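Here come two complexes built around chain A, the first alongside chain B, the second alongside chain C.
So, the complex of A and B:
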């Protein structure tokens, strides 16, 4: 019966070319649309899996503008059953601000008789890439934290429940077991996030979202501006034309391991 | 970086379904040195073709669109990329069921096999559908899906194999250069691209949603807007996965929720036209690099789609809710919409610069063929005049107009559209000088070419009592929608006394100069080398002898002609005259074409008392001897100088009075005042456009007359053909020679009376146009073209107490007294052939006009 809270952020989809806003403070989502990062999609999937495996529940939280409800609904459509929206302009909130706001939600939920056992986050946000919120949140709550793992499961231990989190570290594959409550940040790659189903999407539409306002004025991200890296050099090699190119293509596919040699 | 050839005979911009079919048909028709470019990579350069749902329902209420679709299906079948699936259009409401009955009319008229079926029949073929969600369906077995990308590749490869084509993908157009041509008009010279410049004689803009941006580079307006069509794909659905192939279940169009469900392998695609209109500007479409999927697959906005998702789920809960079925793909796909829903085809005002845009998958290959024929011969086999880029008036070329009209029309994509339905947005663009007076008279305005035209006047409601049942009231709401019995009351009053009609919407242009006579003679069928002061009614033909227009020409001087034509087709007529003039003068500016539409208003005065009314306002001689039929001259009416022309489109004695805008309101008031003691009333276009003309058997362009009809079929041939050459003369002479040799034309335009209007329910029904004509017992008729007769115009003939229908019949059926039937809302009504030529049923010897 693990109660999981997963935290997500509405960000611009960056699978295409990244375009910055004119003031250089954010990524322009006009063309690409908005999503949550791959890390967070995996975190949502893990939250739903843990809730399913333990008979618990997965809730989703975001700090963002009014449009961020779209991302909450997407998480609800794939299996989360409750959602909290801290409505605020995310550009004005730095990592310390966000960690403080999440901690406030966790404490308030506990005070209201609904404690969370496990908080999952993405390893880092796709747009700002600060890598800080998970650790700061754990510090605020006084909970243990594991960063950058690919899989998460909850086990019963003699002294209560613990979370088993594993992923690739610099020295090889690492597995951590920490008692709950705990904070874990997730790197993409360990699970395949599911797509929403039609009934799931319809159910998500009907969930009442808890609306909150920030508890304090933000310190801010202290960001000067974003800069785009120079375009990656493209090294195109033409393998040939028509049927004559076939042997070269086969060679390449073999090199890549797509075809057996 | 790809490089383009330095020269080409024709450059086709775009490698979607339209550009690809165009290069194929140009090559087939003998064109060589064709260069096709696209900014994307092949075979899917990223335009609307790449994300199309690719299904085709052939039945449309428009004959032009249906013919283009049927031609496209034929081509897709020949290429082996068509898979027939059948398709159902569902009705959830009785109103929709009635619309499906109307669809049956169109299916029969265009010769497409369809039938109305019960929900159980749908369930037999689509077992996962919930039959309690709908009450009936329209089944068309020939519905199917195509592989439009494969078709494009095949067509491109055929042109390549013929040695006719060079294809250069991944180059972007950065400019179009024009210069003043030898004929004095701007012409295209060069396409500038990111891969170099191409000198070209002809350029075709066939790049879908980007077309307006490219058109702007040459200063031409291509008024379409990119608009979102939402689509999701749900799967894998076990019910679908167990069948082989792309599609094995019929496609469902859920008409009342504006959704469709189309199988695609193991997935079900659900598409919607129910959401708010989401429009984009062509400049705001992302580049290929910026786009996540492709430039025309925009990020999905799920909130807009949620209501449709629920409706789709109600219809197919077991399928869409199946274990493991997920929404794996969802897009806001961009497609092109126009202010009137038709494509944008043909040569622009820049010579040599053509357009083929705002075309859907179902019309693509047909449009490619039609435009290629048009570029080659000057006309196409399928009449595409309703899609001619020349049709747009200046107010329609504003992006604002396109935006407002498409926003209004988007929700009607699957809507129930009455044939007379008027747009509500962006009205009041062009107001007649007497508009204020008309509003006070309670005018009910229809729009033509941006003009607000009174269709009838509430001020005449009192006449309903005067004429009683002679106004032929209509009991059924659909038949009476966008109609009023006041129209028929105005008609009777005009025939009895007189009517004053605002005809400001006429398109009026003067051709003046040494080449004026030659240009007019070359354009018109009728003899226009007439005495100054004569008025000539004339057909205008294309080179194959089909109608381009019918209009009036006045000779105002030795070198001065005035052309008067309908507003709706006026811009296309003006371009056609301009084209002919340029051919004649070769660019000599001494002869000019000047549009006077916004300077000259026209007021019609017709009826047995018209002469008395006019005489009371003028000292000029307006007697029959002093002012003969088909003559014109300046007279002074109530102190206002007007050009009066004695002609009639309603079969009455009377005049068209051409008056400067500044004096038109004054003249209007004077005519109404002077007419009142004679019983004259203001009369709307309901009389002028329908009841008045149909009693006289007068034909209307766009209804009886179009590019697929000939003078002989329309029964409008005169005893002689002028000696001077004119466009279409050879074809016309051939048609006449065949007739003289005793060979019947392929079809004959006839007028029929409806003998009994009583439906099975007892309610009397009145046809509105477009209905199929059948044998008395419901059998199919087929004319010499292989077409089936349908009603081109329908309307009350209050002076005859009859409802009249016009239709082209097979020659053996075009016999006076022949008893046939019309099918309306799936019931048969008896009709009788009452005229087999242009002879009017009212006053066949034209006594009243004299």
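So, the complex of A and C:
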């Protein structure tokens, strides 16, 4: 029975145009909408799989504003069964702050008789891209950490449970085997996140979310401001519209010398 | 004193590490010419010392031995820490690779200082302000690194790797960190041969035909494949196409796919999201075929045809065949 905690972050959907808030401190999500990163969706899927395979439980945690409950509900709809919301403005929390708050939740849950064996996070958040919360969390907890893996399973060994995790490294496919408790950060690509079912969504609505406030004033992300890269001027030459453009296209192919048979 | 974690392969320092060394040298010049040291973990490939001398590295700190036979982020961080203490470094940097980001995050956590990932440039030195990539490259962040050491990684291709104008002799010193048992718990226990790289022809192709959601379905590729064939090109696709299972992952171009730099890229029905652009930005010519004249791929392209790819591509194929007299 493995108890897994998975940490997710509500972020602005950045597949379209990215707009900044007026104070330049955050990405503005009013038009684009919100999501969680693919890495974290895979981490949620892995958490649910590990819980399922071991008869354990998967819980989900986020530090975010009131609306971040939406992302917790999405994780509950695909198989997590408990959720913790640390309500705070995420733009004021740097990676060390987030790691400290997650560690506080892990310790409090343990003190309340509900220890977590494995904490999963994304390799990097889709907005701030700090590449470090999971590693800092491991040092806060004094646990080992495996970083940037795509698959995670838990094995029973004579001396306790261990997590077997693997992903691509510079020399090939690498495998780690680490005794629990441990922290693991996940890269997308190893599993296909499941879609929520209607009964899943119904069940998710009924789960009572543990509400918390931060345990300390944040140091902050040391951000001066966000900027958008300067827009590149468009120099596009439009060759035409529809099928009529074909001769102009083939002229171009000839000109570039890529038409040789 | 600046310390650079240098990653190696059989041929020496990898290119992104040489970029980080170049970045460090620029920073050193701005700071009055403080020395740049390198730390290398694991076996030192032949020729590495000469290569680092060409980059004007003062001292190479070499951490080799049993504790480093298999990768462990914590053990590598211990080596970087030991080298930093020996060198008295106030800046610790590495390439923004998976390993570089991981090891420096360990270093920053162990020292209780901030870390900036994927830095592109630096502004002022006091305070020390860096600009880094966030939101997958769609935005930039100016960040202050007030603590010492300042810990950051350098984004790939932020600078071009270039040897120093005046190379110098480099000392090689052994670096023997004290490794605790905890440093070795999370280490690689096995490494399998990498999967054969199926994307080889895509990465080196002179012409790539691209296909995105606009292809419409798994059955919508016939004309695109014919064009690929007529041009002796390779097919590259967007993530939407691989996610939907229309085409295999090894054909994906972008941040999480292959990076291509063909003479001509012909993206058809691809919007040009920043994550896709990351994989094709260095194409010499881009001919976008898209129904939307305002799609980013169109505005960033050198040439474009506005229209439905299912009409445009067959017409191009027919025109090529006609001119070839077939």
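Observations on the model:
As a working rule, the second predicted complex is superposed on the first by the 228 of 261 C-alpha atoms of A that agree within 3 Å, B and C clash if a C-alpha of one lies under 4 Å from a C-alpha of the other, contacts with A are read in each partner's own complex, and residues count from 1 in each chain.
In this section, a contact is a pair of C-beta atoms (placed from the backbone, for glycine too) under 8 Å apart; a residue touches a chain by one contact, two chains touch by 3 or more.
From a predicted model like this one, the values you see are computed outputs, not experimental measurements.
Contact with chain B, but none with chain C, is seen for A:205 once the two complexes are overlaid on the shared chain. Legend: residue contacts after superposition of the two complexes on their common chain; A:15 is shown touching both chain B and chain C. By the document's definition of touching, neither partner reaches A:52: not chain B, not chain C.
Once the two complexes are overlaid on the shared chain, A:115 sits clear of chain B and of chain C alike. In the superposed pair of complexes, A:30 makes contact with chain B only, with no contact to chain C. Here chain B and chain C are compared by how many residues of chain A each touches, and C touches more.
Legend: residue contacts after superposition of the two complexes on their common chain; A:74 is shown touching chain B, with no touch to chain C. In the superposed pair of complexes, A:195 makes contact with chain B only, with no contact to chain C. Counting contacts as defined above, chain A residues 15-16 meet chain B in one complex and chain C in the other.
The touching residues of chain A, when paired with chain B in their complex, are 13, 15-17, 19, 29-34, 70, 73-74, 194-199, 201-202, 205. Put simply, chain B touches chain A in their complex at residues 234, 284, 286-287, 289-292, 298-300, 302-303, 306, 309-310, 312-313, 320-321, 325-328.
Those residues of chain A lying in contact with chain C across their complex are 14-16, 18, 20, 27, 94-96, 123-124, 126-132, 135-136, 138-139, 142, 144-148, 168-179, 182, 188-189, 221-229, 232, 234-250, 252-253, 256, 258-261. By the touch criterion given at the top, residues 7, 9, 71, 73-74, 97-99, 101-102, 105-106, 108-110, 114-115, 117-118, 129, 131, 133-146, 153, 182, 185-195, 206-207, 231-233, 256, 263-264, 273-275, 285, 287-288, 293, 298-308, 311-312, 314-316, 318-320, 323-324 of chain C touch chain A in their complex.
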